[in-house]
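Okay, structure first, notes after.
Read from first to last, the chains carry the letters A, B, C and D; within each, the first residue is number 1.
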Amino acid sequence: MPTGSHYSRSNEQQQMDAVVIQASGPPAQSLAYRSEPVPEPGLGEVLVEVHAAAVNPLDVVNAAGLLGTPLPMIPGGDYAGIVVSDGDHAGQEVWGSGPALGMALGTKRPGTHARFVTLPETWLSRKPERLTMTEAGAIGRSYFVAWQTVINAMELMPGETILITGGAGMVGQAATAIARWRGAKAIVADRHRPDGVEHFIDASSSDIREAVLEFTDGRGADMALDTVGGALFEPALRSLRFDGRMTGIFSAPEPKVRFPVAEIYNRQLHVTGLASVFMDGADVARIFDQLRPLFERGFLAPPAVKTWPLENSAEAYQTVLDGSAGIKQVLLPTGGGAQGRSR
Amino acid sequence: MPTGSHYSRSNEQQQMDAVVIQASGPPAQSLAYRSEPVPEPGLGEVLVEVHAAAVNPLDVVNAAGLLGTPLPMIPGGDYAGIVVSDGDHAGQEVWGSGPALGMALGTKRPGTHARFVTLPETWLSRKPERLTMTEAGAIGRSYFVAWQTVINAMELMPGETILITGGAGMVGQAATAIARWRGAKAIVADRHRPDGVEHFIDASSSDIREAVLEFTDGRGADMALDTVGGALFEPALRSLRFDGRMTGIFSAPEPKVRFPVAEIYNRQLHVTGLASVFMDGADVARIFDQLRPLFERGFLAPPAVKTWPLENSAEAYQTVLDGSAGIKQVLLPTGGGAQGRSR
Amino acid sequence: MPTGSHYSRSNEQQQMDAVVIQASGPPAQSLAYRSEPVPEPGLGEVLVEVHAAAVNPLDVVNAAGLLGTPLPMIPGGDYAGIVVSDGDHAGQEVWGSGPALGMALGTKRPGTHARFVTLPETWLSRKPERLTMTEAGAIGRSYFVAWQTVINAMELMPGETILITGGAGMVGQAATAIARWRGAKAIVADRHRPDGVEHFIDASSSDIREAVLEFTDGRGADMALDTVGGALFEPALRSLRFDGRMTGIFSAPEPKVRFPVAEIYNRQLHVTGLASVFMDGADVARIFDQLRPLFERGFLAPPAVKTWPLENSAEAYQTVLDGSAGIKQVLLPTGGGAQGRSR
Amino acid sequence: MPTGSHYSRSNEQQQMDAVVIQASGPPAQSLAYRSEPVPEPGLGEVLVEVHAAAVNPLDVVNAAGLLGTPLPMIPGGDYAGIVVSDGDHAGQEVWGSGPALGMALGTKRPGTHARFVTLPETWLSRKPERLTMTEAGAIGRSYFVAWQTVINAMELMPGETILITGGAGMVGQAATAIARWRGAKAIVADRHRPDGVEHFIDASSSDIREAVLEFTDGRGADMALDTVGGALFEPALRSLRFDGRMTGIFSAPEPKVRFPVAEIYNRQLHVTGLASVFMDGADVARIFDQLRPLFERGFLAPPAVKTWPLENSAEAYQTVLDGSAGIKQVLLPTGGGAQGRSR
């Protein structure tokens, strides 16, 4: 195993600590913590030592076998770390999220829940200096998904109102923070009110549409980000003003919902989704380039984090599966020392 | 009543022939043919003598009382005619479609199913010289709706494939013609095959999705224009490729449909509608300005037309209500002479 | 003269204090302070009592007779005030800038350098509560021009670099503040460094292109806002990266500049201008609607202001003409009391 | 040398006929016709047998040594041919233009003026069946440049007017044809009138602006495509209406032109260029995918062509250099047989 960032190529195959999905199932059964060969960067690729890597619901879904990933596979998409291979990027502190790392889709690349990962150079984005490795590793998927939907797809403008279903989740929190910076009003609908949220709707007890109309003086929301899917599709849709827009980030295939098509057609709504795993890694890196100055200047702040050593990954995954109450679970593959370095 | 285009202002109120919705109901009961005062153009408006004016399904819906229009009201949106008031536009041959003429919405302006109509100057578009008045009056709503959805909203590009549900209807025919000019492939789904359509799906007997996949070598359609609503919403949606787009032009409020939200979210579809009655009349006029050169050069051709004198309007409306088999029903408010001039 | 906001319609024509351009020339000769009839709002218009109204270089140019405005004319475009006519907006505190108020263009409406002004309802935007009338009246043209160019036309994104020529001027300051909020890097080129500017180029002594390349590690700026015109056109153009974009807000017609067309064509630059006086007043109001939440939340802050009673307008105009060193000159038509209320 | 399309891999290195730039200079000195190794397709690449390949001015400039291409190099960007390597695309007839083939830029790939060329799979576009190989090989650069500027960058709409400087050249002809299909009016400015052009300005004798104003009833052109550069920059710019747009495709670095910046800034013009050699090859292939149905349906027609065997390339290049009067010079690397097949 390489020690620290003193990685040196030699004829003998280097080994590293890694999490591996070895079978489909709940985290305790599916995930192994074991020694794996350090991957070799190919042409146009770099080797990154991973200092922090968040666990996302998508990773849990992947470990559960729902994405058809061929096993064994190192999971994980998010990361903050240091480029340890030679070349133009050597020594750079980087952050980001590989959209389909550790999955069956696209290039079938091993993921970031390991000491090292190889990445295409075009996927690299410099880490904000203001963030520790742990903080930078906690941004990942939740922020690029929030940015892609709220800014790039729906083009939220200052003064607009956005309804965020499941707003207490990590993507919802990221979207709320982005909306606040953007000068927009965020209305969060969820089962509990996240800290610091001004406009909250209790999704388990309120009529969402009625509540949105009240918050908007009867106009309806300009847009909605639906992070929940099925059950809140129709209420979110009906909360929009004429010509409003809505993006969903995932919905389970079942059950079907019943809704009136006339809502979309006659009220000229714009409904779409984001299949983030099919995004191009270089495009995702450009989103992190845009997020960087906003974190540097304090317009955006990292979420609350709970850190785990790599060997406790199964427990971290289980925490995400149980619902992590707005706290990001972050693995630290370089061990306790890294945690110390993180702040 | 003014004779011909010899319209002169005088102190005595001029009268004109007009169709009037006097009660809600089927055409024979709701529509009266009677003498009405010639409207006075206001500031920035012109008076147009209507030579031809198509009857659209929306007019039938309006006469049936489903749009809440205050009665009595002169219905009708489409027109081809001549500006007979003084000013910059005097004598111009114009064509177009007022998006909410003869309806309760917006300005509550009387419609075009009369000898004269007043229109804002900004709504005017010069008639193509190549088309007769009758032909020009038959373009109207079906073409601006097809253009707004297919070109402006979905941006159909050469080489793309578009599924058109209800493609045998007038909007469907217009969309098919526009797609052909655009260098795209149009697949028409309906209960009978319109003349000259190459790619046809019998919507009453076929599995639409299967048929579309066959026409597209398994890729799915790039976009869909749904002119039917409810029943074909899900099949049209499922016929789209990943990241495909769909626009509907109207759906009855009931019944609700059942469909999997995951279709939209996880396959990143883009679904919207066009509420054409809320479009700005000047924007609609700019669409007719774009259609003009395409008719002048023969890239687009007017539909088959059946003409009616104004006094037989109820019969013309009933024909539209019964399903007019791809033939446009056009009123000729200036009488038989106009018909002679039309071709 | 109406007193305070107690404006009441009566048969006798109300009078008000106003600035009037009575002849073309330098401020002391062209501007009169005198009593004028209070304007009557037309259909769809409101009467606004002006509490604060900035003087812009455009007003000075207008008073000098360079815009061909028919005289006499009340000048002034910016304003903050209160709607004093009856109707939906009665009592509202509003702010904004009429793009061609007090000028020959378009509707030839009298301007805001008077106690009262009539405005179309669609031009209204609610004043941010956080700003005093004086502060709100100081935003006006400089901010909507900066927003229209930097955000709407060039779409500045976080992490990008913008060169602002004449960056010490009021539009330049506004653009710098907007860029900072946006998470972008602003490089200011001018003859003196404004307070708080991090990246400054002395335009009178430095090679602008060299300096920009240094600030951007050799890449060049992503975009430029040229508020100077002629002399800095080519240096700004040459400071851009390949595929960069540039917008100018005004240039004197003479002298012509010499420059290599190849710069634009072969480096794929995007060069345009903003003719702000031709913007639609309702569109401008939507910009103020977007600026409002950014001032409310403190992302943007009003400039340093020097206030003047209306009778000293000629002096205020002269101060703008002399170069006001980054301080906004604001007229207070409601007198000293308003100044006290302002903070 | 492989014979016909019977290309077979073997241990011995295959040879092919090719044109090679061996020194910078006029065609007769710089170009050699000789035997070269058949290139080996790499991962994700195919081998294409070239049946027809146009000579463009860019190739002549390249052979003259003005682009800094490292020598020796096989030049040529355009092609029509057949995929002769194994794999998904084997046997496909393809057409297109590699944006920087045979040049120093980007990947330094050898060009198409040879019997065989390797291309990335993502660059492939199926040849229209309606065109012969010779015709398809003549479309290339002139059409993708015209499409990228007129359709993608400037978004020409039906009813608009476009001024095309140098409109008798190959790009100008392509742009004129595209404009006609689009339902727009093309005004060609050049030194001689190409066949079939309706609106022509003699650029050597007329005042271009005056002539454009006459063709447009005083409104000015909506857009301009400047294929000439320097000398016609200002006249083209001044022919545009307020808010008009202009794109140039190349200008020699010298001489500088003098022009009033106020033209761009105060009239809100949009001026840009296309650096086509930096376009992505896959994006260019998507343009050919869009051109295909327009040629299949006869909306666009191939230009007049003069064909040359590969050994006479220097003569073909010289013809382009001398000015080829609207006739496309096309090389036929597969020899006379191909010519016979072409028509």
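Simple rule for what comes next: a contact is a pair of C-beta atoms (placed from the backbone, for glycine too) under 8 Å apart; a residue touches a chain by one contact, two chains touch by 3 or more.
The structure presented is a predicted model; accordingly, all values stated were derived computationally and were not measured.
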**OP:** State which chains count as neighbours of subunit C and simultaneously of subunit D.
**Re:** none
Original post:
Starting at subunit A, how many touch steps does it take at minimum to reach subunit D?
Top reply: 2
Original post:
Counting in whole Å, what is the centre-to-centre distance of subunit B and subunit D, each centre being its mean C-alpha position?
Top reply: 41
Original post:
Quick one: subunit A and subunit B, Cα centre-to-centre, how many Å?
Top reply: 46
Original post:
Which residues does subunit A have that touch at least 2 chains other than itself?
Top reply: none
**OP:** Please categorise the chain-chain contact pattern as a line, ring, star, complete graph or other.
**Re:** ring
Original post:
Using the touch rule from the top of the page, what pairs of chains touch, sorted by label?
Top reply: A-B, A-C, B-D, C-D
Subject >> Touch list for subunit D against partner subunit C, complex >> reply: 226, 229-230, 233, 242-243, 248-262, 264-275, 278
Original post:
In the complex of these two chains, what residues of subunit B are touching subunit D?
Top reply: 157-159, 180-181, 183-185, 289-294, 297, 299
